[in-house]
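See structure below.
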């Protein structure tokens, strides 16, 4: 009897920790909103922030309606199932804390896209997209990777290759899904007017830079995200089971810190070096530091509880380089990403999944998953084996996580585009989406407090 | 012995969770400050934020001096007592974590009023009001509803009608008290110059809108509040007892999310529809989305652990409508509320208390309060009974929570007004309270960094 | 067996609480960044915030490399050791949650200095300083006071005078170290151009005030710090041991609230009174309220779990006065502190350490440290003894905490100065560090969104 009581108390604590971690992680919504607001021009601030607010709302309703059920609902039978068929509208046997925690993840995935599409996307398109992503696309990725019925999941009774693919806290499920969606949407939506082409449609010799209206908001948002990451990564230790999650969470927090820090410093100094070679001047680039940090955080998310801190340092450093290269690659490809969410979330997310296949340490995976039969490829080489099972699974998972949004989000955005719901018209874009969608009449705009300079742009 | 140890460990964890939840909930102070700062004109930002800071300080000192004692101090004898008589100045047997958690609630109640009175209220009046509310008025409401000696409390040994009135996390105690105070104060204080009347005192055909100086701050503040609500609502599960609070908290978190999301979307699209009927143009109104969200959060606070998620959706939707209607009603009544705190906190708070009497689910109240003899009226009808005990108690509680501030806050503000401590004089209001109360001499105002445009307004 | 399980569960919860508290406390990084951003002129915002971001990154890498090892690594032998010699690069037996929690403290210490040096310090100097402080100077202070091998530590098997010196959550280790570093650095770096001397080098009759560009950011940052303090102070209860930390944490939270509130109100009204005497006008000074609050928070940090709330009120009140006096003293000494971090962290930190020697209550120290042989001097007098052991140890600790940075930071900054890496050149300072260090070419500065007024300053 006492044992039952003890276990009940442990379960209760575990439930509470899930709720608190989810709350921290939910705070990333505020972080993304503030970061995006800083990255856009003044004439689009309201629009961008409203999108950030509404996608959190849309995610709640879509997750409630179908998202949770598709992702984690019980299947009819069989060990593997691609889609859940129970738990719609919170009906049936649902674990409340798990529901809430996973809701916060889905809201993160959807909000990644807000920044990329900023300054030129219609409200209608964005609202429909939010519901489609959290109600259908994201849940399928989450099911495959994280449910006990997912075909790639490490939590399956009989996982792929005896280990499955590991995405501890979502470099793949959350960040690749969000980042890939951002890439597809940016490609279909096109660049902002005047970014890569002049008014006659000829390509510019040098792309025009649209600096965000507030570096202070950008940096504040970045630090809020870093804070929220301590809900994201350590919190995911709670999904492993009721016991012993504390030390795993602590290691996750450490690796999160080290990888983020490495990413920030690497990206900033790499850019400083490159810039010095180009221009002879020294410049400490804030955007590089901030996005390098976020890239490091994204990259370590898949493996944060499974690696040693030195590996976190290497993962972050590489993520910093990936960001620097990825950001300039996007410009060469003429893909317009107002907040560079694509290199941060997609490219570093892919790297994070693969890095898990390279650096997963035997002692750490034993603690977390109860087996060290398959470990990171570098450790496997060190053992004198050439066991690339985990690495192979990770690559397979990446391919799936890229292909699934590609196959679903692409037709969805093409349809939005065909319906003329996607892109704001040229005049709306020029006067700014705030004036186009969010004020009723010029009266408001003549009021004392409205900045006429912003209007004049 | 082992059992004693186990219980002690559970109690310790419980204490910690109270402290952490209180910290999250305290973060709402920052959220309110940022939201209010965004809602006022530039010339009043300092004044508004200082009021927000000082009311948290005043609340700490007043709660310490008398607030806690009046609210939760032990009575002489008898089961019901209107006022506590022990625990002043933290003397005697006080539960520290409970004290801290309840302090954070009282600070929330007091800060609700800051926004409503912004841009025209003297510092002295605001400081005195803060002490009066947290030191005396709020504690009486909290005692009646939440202490084990309160005449309406569900925690009484012999509660009213066998169940008492239920206000799980404070739609009534916190939000009605704060919102009713805001209404009384706004009525006595009067509207800002030029809002409803021209300089000759003739009513304007159309009230003048004073747009806040920063939508970015408003939205940031709103999202910070949403985050803090996850301390507010789930945290209140800890007040039910040491065991089993985890799943209750998780349900509270889910319902909080769904009701808030419903409120935001309902209010925004309702306004969009009404506006389209009036003007033919489409406009996504941020203020509606933000205040609709907050209304949904306020409304679900009383019942968040006692209802099913579908009911949370309905409660939030209704709260969205209540906000839209309430906001325009205030304008018709010529009551000037700089942040619309009255419809958000008072009207939605009343709705939240009544909704608890309608939607409380048998299984949920059994888990939380150990009895399902009296349930929400809709469930009671479903059982084929017409038991409106709970609904009746809820209405009684609403009446008490409206009447008590009406009877105490009204004379207090009338007295402040009589003493000429309440309203800033006209010139102060025109130049802005920042210049009137917070700078010493023009020297500062000539410094390079002061925005001369703000001064010129 | 059941007992082992119970203990394991308790340990796991304890580990989790450390991680969550550390996350809250890490949020202070965001608070400091926002506060500093508000305190500087527009032309230096980017630079200041980047320094705040990078010192958190630098702290992570330095703490990982040497900081943790020097502070808490195992010694060769003997009870007292000044420096740790194990745990470099997270190698060996390291407690992960403890590592993470202590990292967050070290990051706080380093970031205190950012504001003081704002608007005139080179990036290189700041980066090198960050590494030096968190990699070497701070760890020695932490070892002396907090490790079980420290010569002043209360956790030693055989502590100094039977009790050691007590710094519950870091008034000394964190705030004196940070504040003393700020003082030394400000002295060597010199004041901003035009602050105390005119362009010909003659002293100004009245120092020029450089108002920060955003009071809203200042106040927001201050409230974020207040929130983070609830991780800082209650969280430190976890360092006492696995059991019974909950009620200690709750008391810490209460005292934190009361002391902060007292400090804010005391400083603001004292300044109001002094100002009224000088000028005849009434002015509610926000800076006084904000920095008075922070001073109260700093001062109570050393003793927050060991004193009664009335003592917290007195400590906060005194801290408010210390801030008012200290701030004007700095001006008289012509030491230029852009955010007044020196009076807030150094002066109030010293007061906090001494106050611990005066107000530590017998029942509270018994609960926390298991012995009440030595208590605060006022209680000792009340017992009819004159036992000043604790007070003496506190004074000794203060002297050590002042002397150690003085001996190490001074030569380091002199060396930076000698290398010409410390101070920005005059032109850089005049155009602003943002333009000097963070933009590549005028092209960016001609873009639509860049505020030309800021440039023109």
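First chain written, first letter: the chains are A, B and C, and each begins at residue 1.
Methods note: a residue touches a chain if its C-beta (ideal position, glycine included) is under 8 Å from a C-beta of that chain, and two chains touch if they have at least 3 such contacts.
What you see is a predicted model; the values in this text were computed from it and never measured.
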Copy pair chain A, chain C: interface residue numbering same or different (half cut): different
Between chain B and its twin chain C, rotation from the CA superposition, multiple of 5 degrees: 120
Distance between chain centroids, defined by C-alpha means - chain A, chain C (Å): 33
In chain A, residues with contacts to at least two other chains: 2, 6, 9, 13, 20
Chain A-touching residues of chain C, taken from the complex the two chains share: 2, 5-6, 8-9, 11-16, 18-20, 22-23, 26-27, 29-30, 33-34, 37, 45-46, 49-50, 52-54, 56-58, 60-61, 64, 89-90, 96-97, 99-100, 103, 123, 214, 217, 437-441, 443-444, 447-450
Touch list for chain A against partner chain C, complex: 2-3, 6, 9-10, 13, 17, 20-21, 24, 41-42, 209-213, 215-216, 219-220, 222-224, 226-227, 230-231, 234, 243-247, 249-251, 253-254, 257-258, 260-262, 264-265, 268, 275, 279, 281-286, 289-290, 293, 308-310, 313, 457
